[in-house]
Every structure is written in structure tokens, then in C-alpha cells.
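Consider the two complexes below, in which subunit A is the common component and subunit B and subunit C are the respective partners.
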Partner chain A sequence: MKTKVVNTEPSPPAVGATPVPSSHRVNRVPARRILERFQALAALVGIILIAVALSPRAADGSNIFLEAGNLTDILRQVSVVGIIAVAMTFVILTAGIDLSVGSILALSTSVVAMALTRWSPPLGDTGRIALAIGVALAAGAGVGAVNGAVVSVAKIQPFIVTLATMIGVRGLAKWLTDNANIDIGFGQDVPAVFAAVISRKAVVIGSLLVMAAVFWLVLDRTVFGRYVRAVGDNERAARYTGLPIGRVKIWVYTLSGLLSALAGVIYAAENHQGNPNAGIAYELDAIAAVVIGGTSLMGGKGSVSGTVVGTLILGILTNILRLNNVDSNVEMMVKAVIILLAVTVMSRRPSE
Partner chain B sequence: MSRRPFLWFLSTQLVLFAACHTASTGGKKQFFVAFSQCNNAEPYRAAQNALATKLWGRYRDVKLAISDAQQDDNKQIAQIETFIRQKPDLLIVAPNERAPLTAVMSEAIRADIPVICLERDILEPNYTTFISADNRDIGRRAGQFIVDYLSKKYGRPRGDIVQIRGLLGVEAEIARNDGARDVFARYPDIKIVNDAVADWIQAKAKDRMTEALRANPHIDVVYAHNDPMAIGAYLAAHDLGREKEMIFVGVDGLGGPNGGIKKVMDGILAATFVYPLCVDKAVEVGNRMLREPNFKPDKIYTLHSTMITSLNAAEAYKELTFDN
Partner chain C sequence: MTATELLRVANVTKRYDGVYALQDAHFSVDKGEVHALVGENGAGKSTLARIIAGATRADRGQIFFNGEQVSILNPLDAQRLGISIIFQELDLFPHLTVAENIVIGNLKLEGRAFVNRKHVNSWCRPFLEQAGSVNDPDAMLRDLPIAHMQLVAIARALSLEARLILMDEPTSSLFGDAVERLFTTVTRLKQSGVSVVFVSHKLKEIFRICDRITVLRDGSTIGTRDTSATSTNEIVTMMAGRPLKGRPTKKSAASNDVLLAVSKLTTGKIQDISFDLRRGEVLGIAGLVGAGRSELGAALFGLRRLISGVVRLNGRAVRITSPTEAIGAGLGMLPEDRKLQGLMIQMSVLENSTMAVLPRYQSWGLLNRQRELGAMEAVHRRTALKAASPDVAVSRLSGGNQQKVLLAKWLLAEPAVLFLDDPTRGIDVAAKEDIYEIIGAAASQGMSIIFVSSELPELLRCCDRIMVMHEGRSVGILDGALATQEAVLALATATAQPLETRPRPV
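Up next is the complex of A and B:
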């Protein structure tokens, strides 16, 4: 097999790393992936048990953490970063990184708020809302495509490309809005209807679940998903087997931009404003969620389900610290320790 | 290998246990007052927190929790949601920005929690009472002070002003800007040559002021909408050797060695306006809301400001410096 010749890395190939005829497929590999996911799930179960134990009690003795309202609060609170993290998984699987997601979110909130409040096309309420959302998504996807094109064609490192985009797009958002926030009111007009509908818990949480499901399917059940892993696992081998690496990279960054824009649309609805200063440091939260979920920053290894688990772990952690009124600064230090612990566990894979 | 993850999980548990305190509930009725603060890093807000802790601390049966949203709207929304889950007897909110916090405060009202909106307004009256200071008046008085100063300097009202603004989504910011512009509008020779935004932060103000200094060879007045930004502007001018060319006007007028009043005494600020912390009123009204079930507070309480100049700075300093 060609991989044996060119593979100089110590790590074993991941599932579907190269398109191998089914007769050659290694049986052990599905077991490893179950073990990966098991570790992340075990951490999640552990955190839930701790949260239940440490939860304060309501006046009637019931466990506040387990209240349906609190649990759905957590899901809602992690959705914006969670949606970004789902797409970030693909980028990191190709051994890339996308630092511009926070800025794309800010651009998206600004674009959607501007489109809603300043355009009056003769389209009817739903049409105007759909148009505003569509334009915001297109803007995000466009930036993502630029990221992908520069990464794949100019062959500049993703860190540097997306760092530049992060700065440039933030500037673009501030320039478009004149550095002001664009308020979305609470009345009956089109922007207010947009906010009322899109900010509903069910819509926000539903968006996260739908995106997670779609991306999980794409990663696990499509050829494109296998290409994504292959590119990250061993790009040289992937090139020698003729995979369309350039197109794969352009697509993963475009998807990252698209989902960051979707997160931005939800953010604008929840916050009732377009805000060119939104999303600062969100890329770090997203990357933390992806990494805790078991995806390796070196590429090739990881899963969308792991990212969802990582997102939930961070959300539950924050929630239980807040329910106990832990000082915000202590909260940050505790989170840092937990992230390091979780990543240390995740990275200890059973060797061959 | 199988033991290591278990040990790591165990240490995770220990870390979390160490961080979370389990409060013991005695037999007496304990009131839980939750205070959602938008940004502990601003000196004005740190002073609010210190005063709140001191005043609420006088009541043995009140437990106070203060959360810090670090100027992040989403964080503040999540923190208030989590407070709501704990069913506090009183919720005090200093909103980071108007629009984002409006919806979640209506959630608190709907959960039958009394809500005090502190100092900053939101888009809808989703609170039991709003304790505010008259920022438009502050803006007008600052504007008038500047007009008087320029009239004295040039014999007639003319001059170039650099304005340094806080977070644009905050009502206080809008009011301080509009109040001053109301006054300046009457004098066509008084111009705002640079309108910079520094989000209430001293370091950002220093950067914006440096840009303004490079762009404008002559500046008469710097009107910054809070003292830290005024100080930042002063530092920028000082670095370029131009601090004597202009005067600096701020807002906040906090006591203590780091506050604006001391800066007026030291000659760094020409004037500042005491911005009431609003906390003393909040504790007074809030305490009545907790203990008197029939008490209906006013919907809005408006507190007034005092101008501090070199004439009254020493007096004000003594009066407004608390031992924290």
C-alpha cells in the first residue's frame, strides 16, 4: 500500500484515511473510534454526576441543576459557540485552524441587522427576513471561501491566513456599521419579528442539533467526510492518491464561515442587536470544545459527536460554577484546569 | 492506563469541590440578593460593588452574590438566567447594553422576582424599579462648563474639542453625548474635531487620543465621558508633551486616591461630574422591597450629580472617600 511507503509519522492511520478497498479494511479501527467517543462520553457523564452532586437545592428540596428549565438554559447558552465548533471540527480535522470565526460572527450580526432595519424590498415579512438571513450567510460563506482559497492556492498556513481575516473582517464589520450597534426593537416590525422567532429556545437549540446531525452525517457517511479526514491525517499520501485536496480545503473553510454566520444570525436575534464587536475570543471557546471532544489539532482524528460532548462539558461546567456563585475569575481558572485535565485524558490513546 | 483516567477524573472532582462552596442554611429566613454587574474592571463599577457589599453586609440575614459579565452581553444573559434558576428574593442588574439585556430581564419579572435596574436603561421597562442618574443633565452641564472655559480663553465661544466616548449601546453614553451637543449646537465656532470611542477603558482612550493628537495640531478641550478615559487621554497628551495645551473634563468623580476628584485636586482634570453610584438608593429601596410586602417602589428614581472643580474638590474628596 502506498501509505506504508510515505507514512513517516508514528501515529497509525485513522479510519478511512485513504480510500482502501474494503477487503483491506482493518477491523481494529472502528473499535478505536468507539473508544475515542467512549472517553469523551465518560467525561461527560462524570461532569453531569458531579454537577448533580454539587447543585444547590430549591426551597422544595428539588435539584436545581436538573430542572428542565436549567438544562435547556445550558443547551441554549452553548448553542452559538457550539454551532461554530461543529464546523471548526472539520477545519481542525484537515490539520487547519480558523481564527476568524468570531469576526465572521460579528460581520453576520451586523449584516443581518442592517439588512432588516435599512432595506425595505417589496417582499413581505417572511421574505425580508429570509433575505436578510440569506445575505448574512452568504457574507460568512464568502469570507470562508476566501480563507479556503488562500490556504489552498497560496499555500499559506491556515493560522496566518485566518489571523489576517480575523483582523480584516472585524474592521469590515466596524466600517459597515460605523462602529455602532444596530438595535433590533421589540415591537411588531420586521426586525422585531425576526428576533422574536429566531431567539426562541427551540429554534436556537434546534439549530445546533440540526447542524450537528448534518455535519456528523457528512463526516461519517459521505466520501467528502472521508476526504476531510484523509487530508488531515496524511496530506502527502492523500495527494498521491489523487484526492482533490484544494477543493476539500476550500469547502471546509467555507462551511466554517457559513456556520459562523449562522451563529451570528442567532446571536443578533438573541441580543436584539447587530454588534461589530461581538464574538471576541469565540474562536478559543470553539477550539476548546473541539479539543476536549477528542479531535486532535494535528488533524485526521476526531468526530462531530466528540465536539458536541466537549461543548456540553464546558456548558455544564460553567453552569454548575455559576449556580454556586463562584467568582467569575475563579471560574476561569477552574475551567483552565479542567480543560487541561480533559485534554490529557483524551490524548492518551491505547497504543497498538 | 485504565487507572490514570480514573485518577484524573478524581482530581477533577476535587477541583470542582474546592471551587464550589456548599452554604449551610440555618433555621432563620435568609434573603438572597443577586447582583448582576456588567464589568468589574471599570472603577465606577468596582466602587458600586464595594458599596453594595458594605451596605448589604449590614444585614445579617441577607446573602449577596455579585456576578461579573466582563462586558460580554451573552455572559450577562447567561448569568442572569442562572440567577433566575436560584430564585433570588431580589435581583439587581447593571445592564451591559440596552437591547441584549431587555429580554432576559422580562424573564426575571415573569418568574416573580423583584428586579432593580441599576443606573443603565434597557429598551422596555422590564423591571420593578429603575434607579438612574440624569446623564443628559451631566452632558449639558459639562457642555456649559466647556463653553464658559472657551469663552474665557478666547474672549468668545470658539474652540476645538476632542470627545472620547464609552460603549455606544449604553443610554448613559448617548445622553452624555446628546446633552453636550445640545449646548455646543448654539455656538457654530465650537467644533468637535474628533469623536473617538474607547468603551470606557483607560488604555483604549490613550490609544484613541494619540491618534487624535496626531491628526489635530491644536486641541482646546478633551471631553471624555468617564474619568478613566479622561486620564488615558491626559497620559497620551503627556507622552507627546502637549498636556498643557488643553484641559480635560471627565465624568464619574469617584473618591479615593485613584478617583477623579483626586485628579482634579492634582490639576490633571479641570472638572469632573460626580456620577452617583445609585447603589445606596438601590439598597434603601431594595431592602424595603424585601421586608415590606405592601411597599410599591416608584417606577423610576432619578439621582442628581455635582460638578467638581478645583474650587470644591478638597471638600468633595473628604466626603466621598469611603473606607472600603
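Up next is the complex of A and C:
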């Protein structure tokens, strides 16, 4: 996905001629960065206002959109894709892309459902649930690691590698389940307990928030996070600086697989089934959220907070269209327009 | 506007995010004149040239061309008027051929549906010759070294029938006869009535070839002088606003123990390179474009497959197959092209500075900003780097400051051997002085430095010894005392008897 042209932007001259004493500058973030973050938030605020304005009213005149139940519903709705998008941010920051996330989600739902319904190890209820989740996460991380290894060792373009994985893993999921959904019932047995617990709003939304917080921290404050951006910004310079590019790439794809699997576990709980056909086109929703949030597909520039905002924007948009009973096909067209608009607004530089 | 005036710009002002790049600058060029535009980093000369060429728009100001006020809002407007610019950071297409690069965007050739390769190639040849390029029109641009690419850029300007050609640091990668060929071209252009604006820091060249010199400082025009009526000292004083420091005499800091011993190093492009590098020594590497100097650096740094040869560090043979291994072994490299190979251009000054040694600044897995900043500030003091904030993206720094960030990165890494590939390319006088001082200081603290450059004066000034390369081989290693520009050039052009290629025992 990397087609960055290097000889473009003429560099403006030196910013300032006299050094400012360091004591004045320790925690100052330049105005430009703040403005960029505000852009994302401004878009979010804008779409909230539109949603409030367009919201249908309840019988007593109150705004349906603003009802607590509706708002938390939005958060719940976006959590599955949101979790995927958080990890996708890292992949895109390295100037890569992961098209296999939907298939990994499907694999994960299948694996967790199968582990819950067909295995009976003597581990107790919690143990069985933990094992099932663990195996599903491991499967997702494993696929991700394969993606990462092929991208970094064989040096094949991420688009191609994850396209292949997308197809292959979907096939794997279907083969494992004999192309059938695996039911997770509503009773008292272990699978049902799993579904009841994991599908709780607090767990679902909490998972998204925790993952977002963790990934934000890693990106902003760790060596690995810095390397992720460096690799995406200028891979050649990263190589000449001795950065562990191979390891960075393997890890971002592994994390993407891991979080797609986590999303799959939640999906399975919410839908009470393992479904090898789940998650189709989820990669596009995730990428859309990342891009709307201000992350550049060319790598090096972006943030987890932007992705969260992008996810929310998409979620609110979907919500308001549904509240107004807009045809789901029209909904897709509207989404397309909004995505283009949002990206245009995001990429306009304030000073030029 | 006089009858001989071709271009006049007046009251030009341009701000970038609150900083004035140009403030009421003015400038004029006569017909058939070669006019130099000089100034320190950040003085605004590149910005002014870009405004004239339509690559940027001024916030305020007027442009007069051939007596009429014109509006140049984009490069096409400039092209139509007959104004062409050759950028310091060339704006060519690496995946197209030489001929395609010249022809592309030429309005006169538009309207043809099919491209006849032979026709295009032969159409380009005269311009290539005029520019002094020896390249085949069918050659792929990305296979050419930077200096050859520059000549293609000049050929392109010529093909656009420019009446005014602006050249931004055109000789920054040219050496020896290529510079002479360029000067011949410029003289020919002048005689045919084309005006040339030379944005450059190389005062010696400017005094040779330019009729007038305009000095900018901090975005304003300080003055214009006839070359024949002024001196280097006057120009430099106008540029700096302060008298230039005298040139310090160079004292060798080299000790006697050999740190790096290279023996018969051979790759696809270099053969049998052997030399010793002592601790604290500055070894220069001179040679024409294509001599293999950058290739040598790449080979030492693990970026090339070695066909044969041994590299010994501290007496022990090492096998280096990747930059990571090279850095681990104690080597560092400042690459030739700082934007393509050196900097993470969207990341900040702080992030770029600490990139090579980042794991040092973590506590409990998280980066400690205070420690990072402290280390960065300490090393930036050594490099005299001035940036308003450590979080500014390096893309917004001038070329000289960008190079200082890269140097800072490697100083922090504290390699035993630092390979500098053309570190002062496209950088103004004051920043160059700073970099020479940094090199000298690092050497006196025990770092060994390999200094590749196309500028003989700086090699003569900074280096203890100079190895001259020619077509992939080492043709001699000159001791500092014996090295003169003539001696080096003679070796570089293979017009002298090659000296023994094994380093002389000290």
C-alpha cells in the first residue's frame, strides 16, 4: 500500500531562530497537533449535533437519540468493529493493511463455540470458558503471526498477503464447522453462561475501552509504538537506523489477529452462535473507522484516539439512519458519502 | 522597470504558520544575466525561487515579467511565461526513463495520443547534451546517481524553452568536470539571452559565473551587488549580519591504534578496497560521481552482499549483513539522501533525534519523556541546532537543521566509526561550519569518522587523510599534508599515476 512520493512538499524554512529555554517547553504540544485532534473531535461533535437534530421524538417529546439506552446501544454496536479498528490502526500506521480481520473473526467465533460445546475438560465452568476463549484468541493471534511473518520475511505486499489469508481462513472456518452455525444455547450450561456473561453491555463496551486505552498507551508511550510509526513513515530510514522492522511487522499483524479474535469471541456471545460466515466486510468498516479518524493509509501518521472517534462517527451515523428508518441500502450510500467527506475534512491542513 | 529587466518581484511576503519566510522582499533579474540569490538557511531564497516558479504562492507581492505585471499561481503559469525551476530536491519520476521525465508535462507536446519512443528519445538528446548529461534517454531514472538526475532536471528545463531558469543549489552533487560542464551550459544560455538565477551557497562558484548577487537575510532583501564590485567577505557579512569566524587550523586528533581495518573489500560495484582507520581519525573519501564512495558505505553498513574482503574491528574480523548488525558492531551511517534514507519526515525533532537509541529512555516499559528530552537537548547543544520546539515535525526544518537532527541521532548512538555521506550537501555556510566543528569535536573525543564529500575544500579542511576513489577502486590515500585540490582531482580523474593502494604504515 506504500506509494509515498518523497520529493513533494517543499519544506518551509527553519521555525524560529532563537532557542527557547527548555524549561518552558517540556510538555508543550505544538498548536498544530492540538488542532488536528480538535478536527476529529469537531467532526464528532458535528455529527452528534446533526444526530440530535434529526432524531425522532418519543411520545413525551424527548429526544430518542439522546436516551441513555440508545447511546449505550451505539457503543455496544460499534464495539466489535471498534476493537478490530484499534488494532488495524497499528497495521495501517506501518503502511500495511489487514484484510483478513473479518475472516479471523469468523474463525474465532467458530473456534470458541466449538470449544464450548464439544469439549468437556474437567476444568470447572470458568476454566472451560477461559480455555475456549484462550484457544480462540490463540487461533487469531496465530493467523496474525503468519500474516506478519509472510509480510516481513517473504516481503510480499500486505494487501496481497492478507487478501490470501482472508480467503484461506474463511475456508478454514467453514471446513472446521462443516459450513454450519454452532449454536450456543440459552440455558444453564457452560456455553450459555459464556454467552450471558460476555454479551453484557458492560463487558462489551468495557473491552473496547480497555483495548483502546492499552493500545493508545502502547502507541504513545512505548518504544514499540514509536517504532510502529517510524516504520510506516520511512521504512528505509528505519532500516538504516537499525530498527527491528521484521519484529515490528510481525507483532502488528499478530495483534490485529488477536483483537479480531477477541471481537469474534464477543460476537459469538452476542449472537449465541459460532458462525463461519460472520464478519464479512468488517475489514472495510474497520479501515473506514481508522481513516476517518485521521490515520493516513500511507503510514506514519495517526492515532488510536482518532480511530475511536472514527468508530463513533460511523456508529452514530448508522444509528441515526436506523432511527429514521432509512432503507439499509440507502444507508450504505450515505455512509460512503460521509466517509469521503470526513476524510476530506481531516486531510485539509489548517495553514496552507 | 528598465528595458533590460526581465523579472522583478516586489513586496513579496510569505508566512508559514506564523513565521515570516519572506517579508517585503524584492529582487530583479535582467535579460541574459546570471544572477545569484544567496542567504543563510531560512533566509527565504528557496521560498522566493519557488514563488517565482509558481510552486508556492506569496501572501502579498507583485511580480513583473517583461514589463507587465503577471500572476503566477501555479507552475503551469510559470511554464507558459517561460520560467523554469530546478529544485534542490529534484522533482523527477524515478520509475520513468530519462526521456519520459523530460517530455512529461511539456505543453507543446500535448495533444498527441501515442508516444513514439524513438522520436521522443531523439528529441531529448540535444537538451541532454546541452545540460552535460551523458545518460541514455532510455535509462531508468532511479538507476542513476543523484548527480546524473540533476543533469536530467536541467535538460528538462532547457526543453521547456525557458527564458528564465532558476536553479536551487544546482551543484550540490556535482564534482569536477560536471560542474565545469554546467558552467559552460550556463554561459551558453546567457549568450542566447536566457537568464539564470543561481540559488547557492558556494560563493567561489558564484563569483566565477554570476553577474550580480542579491543577498537575503531573515526574509528580507539586504542588497544587490555587481560581482565585479564586491568581495566574498562583503557578501558573507551581508548574509550573516556578523563577521564570519576565521578558519581554525586543523589539528589531527588521531591516535595510533587502528580501529577499523578493511582489506580487499569487493562488492558488485567496488573492487579491492583496502584502508585502515585509526581511532579519532577523520578519513575523507573523494572521487567523481559514480566512483563508489556511497557504495563503500553501504558495503560497510551491511547493505550489500560482499563478494570478498575482510573487515576487522579492533583486530577482530566481523561479518556484517544488516544495518542492525553494523550498529551493534559500533558503526553508524549518515546516508546521502537525508529525506529518503535518513529522517522520519512526519515525526518530530525529538523522535528523530532519539530514534537510534530509544530503548535507553524507558522506565518500566514506558518511555520517559523527561529523560528523552534531556538527552536530546544535550546533544542538540553540541550540534547548535535551533528549533522552536522538540515536537515540531522535521519536515518543517531547513535542510541544515534536518542534517543536524540526523547528526544528533548518530552522536547519541556513540558509534566507534561514523560514516558520513555528503553531510553538507545543500546546506548553507554557517551550518556547514557548525558541522565541521561537530566532526572535529567528535573525532577529538575518539570517534573515527569516514567523510565522503564532493567538495574538496571541506575534505582538505577536515580530514587527516583522504582516500580517492575512481570507478570502484581506491587509487590512493593522501596524507593531509600532501593533499591538495590538484592532487586529489588528478587521482579522481585518473590522470595521475595511481598511488599504492595499500595504506602506508604510519
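Just so we're on the same page, the second predicted complex is superposed on the first by the 317 of 352 C-alpha atoms of A that agree within 3 Å, B and C clash if a C-alpha of one lies under 4 Å from a C-alpha of the other, contacts with A are read in each partner's own complex, and residues count from 1 in each chain.
Note that a residue touches a chain if its C-beta (ideal position, glycine included) is under 8 Å from a C-beta of that chain, and two chains touch if they have at least 3 such contacts.
Since the model is a prediction, treat every value here as computed from it, not as a measurement.
Undergrad: Check whether A:Ala230 is in contact with subunit B, with subunit C, with both or with neither, and answer first, second, both or neither.
TA: After superposing on A, A:Ala230 lies in contact with subunit C but is clear of subunit B.
Undergrad: Under the stated touch criterion, which partner chain does A:Thr222 make contact with: subunit B (first), subunit C (second), both, or neither?
TA: second
Undergrad: Is A:Ala238 in contact with subunit B, with subunit C, with both, or with neither (first, second, both, neither)?
TA: In the superposition, A:Ala238 contacts subunit C only.
Undergrad: With the two complexes superposed on chain A, say which partner A:Gly300 touches: subunit B (first), subunit C (second), both, or neither.
TA: The answer is second: A:Gly300 touches subunit C but not subunit B.
Undergrad: So in the complex, which bits of subunit B are touching subunit A?
TA: These residues of subunit B touch subunit A: 1, 4-5, 8-9, 11-13, 15-17, 19-23, 40, 65, 67-70, 73-74, 77-79, 81-82, 85-87, 97-100, 102-103, 123-124, 168-169, 197.
Undergrad: Any idea which subunit A residues touch subunit C in the complex?
TA: Where subunit A meets subunit C, its residues are 6-20, 22, 25-30, 32-33, 217, 221-223, 226-227, 229-230, 233-234, 236-244, 300-301, 351.
Undergrad: For subunit C, which residues count as touching subunit A in their complex?
TA: Result: residues 16-17, 19, 21, 41-44, 46-47, 50, 55-56, 87, 89-92, 218, 301, 303, 323-324, 326-328, 333, 335, 339-347, 351, 355-356, 358-359, 362, 365-367, 369-370, 373, 377, 386-392, 395-402, 409 of subunit C touch subunit A.
Undergrad: Of all residues in subunit A, which touch subunit B in the complex?
TA: Within the complex, subunit A touches subunit B at residues 39, 42-43, 46-47, 50, 54, 56, 58-59, 64, 67, 69-70, 73, 77, 80, 179-181, 183-186, 199, 267, 270-273, 275, 317-331, 334, 337-338, 341-342, 344-345, 348, 350.
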